[in-house]
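Here it is: the structure, laid out below.
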């Protein structure tokens, strides 16, 4: 349902003018305006981006398919009978029905329930029932060609078992798209080893979808919001860490390294962190163990792959998160938690136990989701306006400081360019 | 709440331009645009149409009244003390309160709860409490005339016990409005015999209200979507059938005849219908019986009386359905199931048993509602656009083929004219 | 989130033209238009008005704070460590988080949960964690001054324990704002005696917020809608009563006096009131007792303090109600019921028992809320338009008649001026 | 109500157990096992409270005899097209109203039925009351009549499974 | 808790039955029959959890003595204007907290109250907890105190009937 | 199911009482008292029905052993930042599935969890089913396993407290 029905978005409507303070101030309408959201769909989710749609391990065999999303647009990810992966819109070419309903499935073809137009696993229309009518009465006119009425196909790429799609036809390769600095840590999680799916979480957050990217480009919040990390020594402000940003500014890796000997918190940092307390102790220490299974200097990497993917490696708990925007004020998050084929039972259970950190009931996940909710609520009805993004001064790009908002500024440099703001 | 507050809808806003493919393609905005919906209220529901509001059997006695709707506008249908039926807005002339709350009732007058302004059963204001104040202090000014402040009255007509209303003052007769071809089958269901109300169903569907008309102008879907019909021999693609369309294109009768000897499915049709299976059998055959009580060649007629009425005669189960639009993306459906006065107990129970076919839990009703939901969902977030209406080529008007979309094209020829699209 | 993101509201958009009948007709869009609502936020709630935010008794001690609203905008009302009361936006100056979550609390400072920016109880930013970074890396630039990044502070005033706030800097005094006629009865309820909070009610009404003011400037409805008052002799149309209006027209006191000897209903009034019945009797007469504790000729005063406060003195049950608009079609009502410090246990229980009259389960409260809901529903989908405000002719200002809408006309004279309509 | 109090309590508990099993079968989507809770001549009906109160006989679902129950189970399981969903019943407020001389037990219980569609939030499909008549066959309770009378007059799209 | 376990269970089951009858009366709109569940000197109150937790005494409904209960029943039935609606209670999680030497039984139960207005969807009017004190009169339980403490602090428009 | 019917009923009633206490502790926000309902080696998991049906092991919450239960209780009570809220459980449809030779009781019950945030309406946080294994310690039931399997796959923002 595009073009004509939507408000045309000329280069920059006068009401949406970026404040003169450049990247140190983000106006609220970036997060709340329906007009901005429409433009994001057009220029970002349906534009020149690679959007995460599936892990290959979710559709392991020929005929497997999955309902997914590019932006908010429903798509089907299917493996055809020869093993190739296709992505196409979940919208029948006849009357527009969202034809595929189950979250996951297996079939030799896809049949629309309304009039049973039938598509192969690449999205091609293969049959229209009674196409020639009954006893040669009715049916499709001769000039109707099946080839003209397939499902809208997206451009597809995969990297080590991770499937991405794009409405843009002439995309650069995924590797060029994310750049070498971010690709490096992506490949640590996805070295090409077969994955073992451990399960799904799903949650909404009543906040703008970009807030989630910003949260993971914001090393500042980690030791302030997340008392758990601090109290139980998982991360402290003094840990070695980095906010790695690709050349375009849109992708990032928030990384930190746990010192072998455990955390040391200097007195100055303790004073800054309200959360710090020496009194709390975990009973079950297995939770904090880090099995050093990765070829990486980092014990934690949280990657933001623009526009809709988070790759989580938090000690030994691994997952991807797909962001599905639902207008400016809400997004849906689909989590896929996984390990590797060949993990021992104990290793799988270790990953599951450590999973308590993340997700909508995770010790960290709860706090991030609540904080983002508070921010959106704060913006929706206030008289004052704008976010202050001044930590680290005007610095942009990769930074090894914790107390900086450089990654957020980098993202908005890119965003303003693409959005024409 | 009309005119000034609503966006003025000039002849055709540039964004809503009909595609050049004429009637073979319907753009999505017809089903999703709030602007189009506003125009439909103005030009269709509040325009030159007869809208179903009640069966006379629901308000059998003087003083009986019913809450109803014309489009989404609440109205009251009342039988006055002399027996005449009136329709007027359910909105107090004083402060605008929706004064009548129960679905059905009986009274000698209608009293607004807020300040007890009182109306007769024709909608005339008959009393304003303390109109002359207390001890001649306060009250209404002398120039206030009760006659100027009645409820807004609609034009009313009835046909054999079915009540219609119109905001238009100068409507043609109902008979002229629906035309002889559609009237004929209407009169089969409503020959003037007194009706016996069997009860109500109500349901919403998250789809555009026009979709329901199209569903019943679409003989193509019946044997494809409704496996039940096929498996249990109620209808097969080879049955004699018709899609009758009135001269204007807006009304229709989808009719089919069950052969006396039961269904025969030829091998070719079997091959086209995925649903076909010889293995399934009903235990209780009473369900499929057809008591030939009607003077008609058809065993099933589903009539679409523009803009808000469906008349259902499905074997021996009878009902009307009122469509109440709720914006572009949802409609409410009010079903009234009935038989005839004088039906034997067994005949009533036969109608009730056969009622399992229809309604929001009916074997067919479930499927139609689900299919329409899928279509609206498919349209709301996709990048591709438009429905393909090419079955039966460019044919329009009444057709005796099953595999045609002629009825849908006829409707949209009329619609575009009225809507100025 | 102001200015740029919102539709600019020029003096009067052509679609919103007031009808030529002056104050005798109010068009529906006053109650239903989102554009009007936006303008109300700007010109009324965020404009030159004093908005009720708290009773001092709710925040009795230094460090006590309360979440509250000015219009729909969340604010914090806090008592600083020296005892002064401050009101400021509940929106962190950093990223905009609604930082204060509990309804009531006590603290020495307010800490935003996201990054722990810390504010004193006057809304000043007092600390930014890691402001100088870690080991001098990162942190805020030198030019960042805490003084420039406090919470947005509102103008505050109190009158005998009632706290008001304004976004306007140059407000007249509260006493000048409400004027002597309305202040007089305000001071009867709030003579400076310490209050004892008895508890809270909260409810929404699906109606425009102004309807609540009108309901309490409408003496006409009291004996018509509220059969309870009439049947049990609490009020009758013949009681001495007044609708007192301040000079500006926006504030009011609806007052009535119970005769010492109990109610007398003359025959004429009985005839006008459908509700009247001699047959009903209360079993527990304590409910109707009036302990004459106030220095006032009135036994009941309901005050409407523009734009968001109702002060209720209904016999011995006392309360304030804060109106929080939620768009044009809904408002939230926060009730605080109270007595006075020093009330005997029996007096407190008397107030509680009499509280059954008011609130969302009160014998009167139920009816007012239902009536307002009916009005909004009546306006939202009808074809006809407008309210008729002709009782009492063109009279405006204070009136001692019951059968008049003078108070509503006065309000709309003021409203049209402020709103530029 | 002729039965002694202890028997009524025991019946109430037995009906609670019956209803818990009944709901478990439906919540698991095992619709083919659903007719087994009914007697041969059972009547099963789902209808709105407006019909019930006005004594209007219509049923959203209206089955006379176990054959029709089985036919519905078959149709839902084998021929009907609908989107996948989860259902969950909460049954409470069980009351035994009477035991007649032929040992037919009249009882009622309130139900809330929650529905969850793929990618959507859980909604309240309907709330209502079972109006039941039980008989005992081979020592086990069986429904001779179940009228599911729902307050939620406006069905959202479709009510697919029995209640 | 002085009573033996078997007695407590029996009390719990009896309270469940009491509450089922109580709710059935209200759900049928038979508000005139509602005071009969209370003792002469009963206290009945509906209040938000914020008031309960802060020991603030206010009640949305606040009745002292059966006279006030009857007055409320009368007012709702005969004088109060409100739109027609259906109500349905789900009561569960019944707990007997204690039986004091005077045989006053303290108990709690959770309730969910569903409301359906004409032409509208069923909504959750409120969820809450009954905080009860029962006495026995003529062998039957009667409420000496019922505090309906609701979590749903924001009432939608109006709460008409007792809970 | 080896146990006689009377024992199964008694078990069912005992589990209802257990669950009512369990929910009362959580609804009161007394999360520190929650681990006491479990045995030393208990497994506690909250997971979506999609995972349960596909035998995917992940848990939104996944605790092995009472130490992890206590750690979660501690973290929620002492370190986790979230907005204040009220919670209320409705537990019904309790079923005893079996008692194995070692006296481990398998049981299920349906739950609805209602959540109310400050200034917001009550929402249905989730509906689901407890899949339980109970053992008896010192005469009292304790959970050896509780899998809270929710239908409401899409969590609204966060699920803070145990279910």
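In this document, chain identifiers A, B, C, D, E and F correspond to the written order of the chains, with residue numbering beginning at 1 in each.
Everything that follows uses one rule, which is that contacts are C-beta pairs under 8 Å (C-beta built on N, C-alpha and C of every residue); 3 or more make two chains touch, one makes a residue touch a chain.
This one's a predicted model, so the numbers in the text were calculated from it and none came from an experiment.
Minimum number of contact steps separating chain A from chain B: 1. In summary, the chains found to touch both chain D and chain F are A, E. For chain A, the chain whose average C-alpha position is most distant is E. For the self-contact between chain E and chain F, the two sides draw on mostly distinct residue numbers; the shared fraction is below half.
Of all chains, the one whose mean C-alpha position sits at the greatest distance from that of chain D is C. Centroid to centroid, with C-alpha atoms defining each point, chain A and chain E lie 48 Å apart.
The centroid of the Cα atoms in chain B and the matching centroid in chain C are 45 Å apart. The set of chain F residues that touch two or more partner chains comprises 13, 81, 83, 90, 92, 112, 118-119, 124, 153-154, 156.
Residues of chain A found to touch two or more other chains are 101, 103, 113, 225, 332, 367, 370-371, 374.
Going by the touch rule set out above, the chain pairs that meet are A-B, A-C, A-D, A-F, B-C, B-D, B-E, C-E, C-F, D-E, D-F, E-F. Note for the complex: chain B touches chain E at residues 67, 101-103, 113, 332.
By the touch criterion given at the top, residues 1-8, 46, 72-74, 89-99, 101, 111, 113-116, 129-130, 133-134, 137-141, 144, 149, 152, 167 of chain C touch chain A in their complex. Listing the residues of chain A that touch chain C in their complex gives 15-17, 27-29, 32-33, 220-221, 224-225, 237-238, 268-269, 272-274, 367, 370-371, 374-375, 377-388, 390-394, 399-404.
Of all residues in chain F, those touching chain E in their complex are 13, 17, 19-21, 23-24, 27, 86-92, 112, 114, 116, 118-122, 124.
Across the interface of their complex, chain E is touched by residues 103, 197-206, 225, 227-228, 231, 275, 280, 282-284, 287, 332, 337, 348-349, 352-353, 355-356, 359-361, 363, 365-367, 369-371, 373-374 of chain C.
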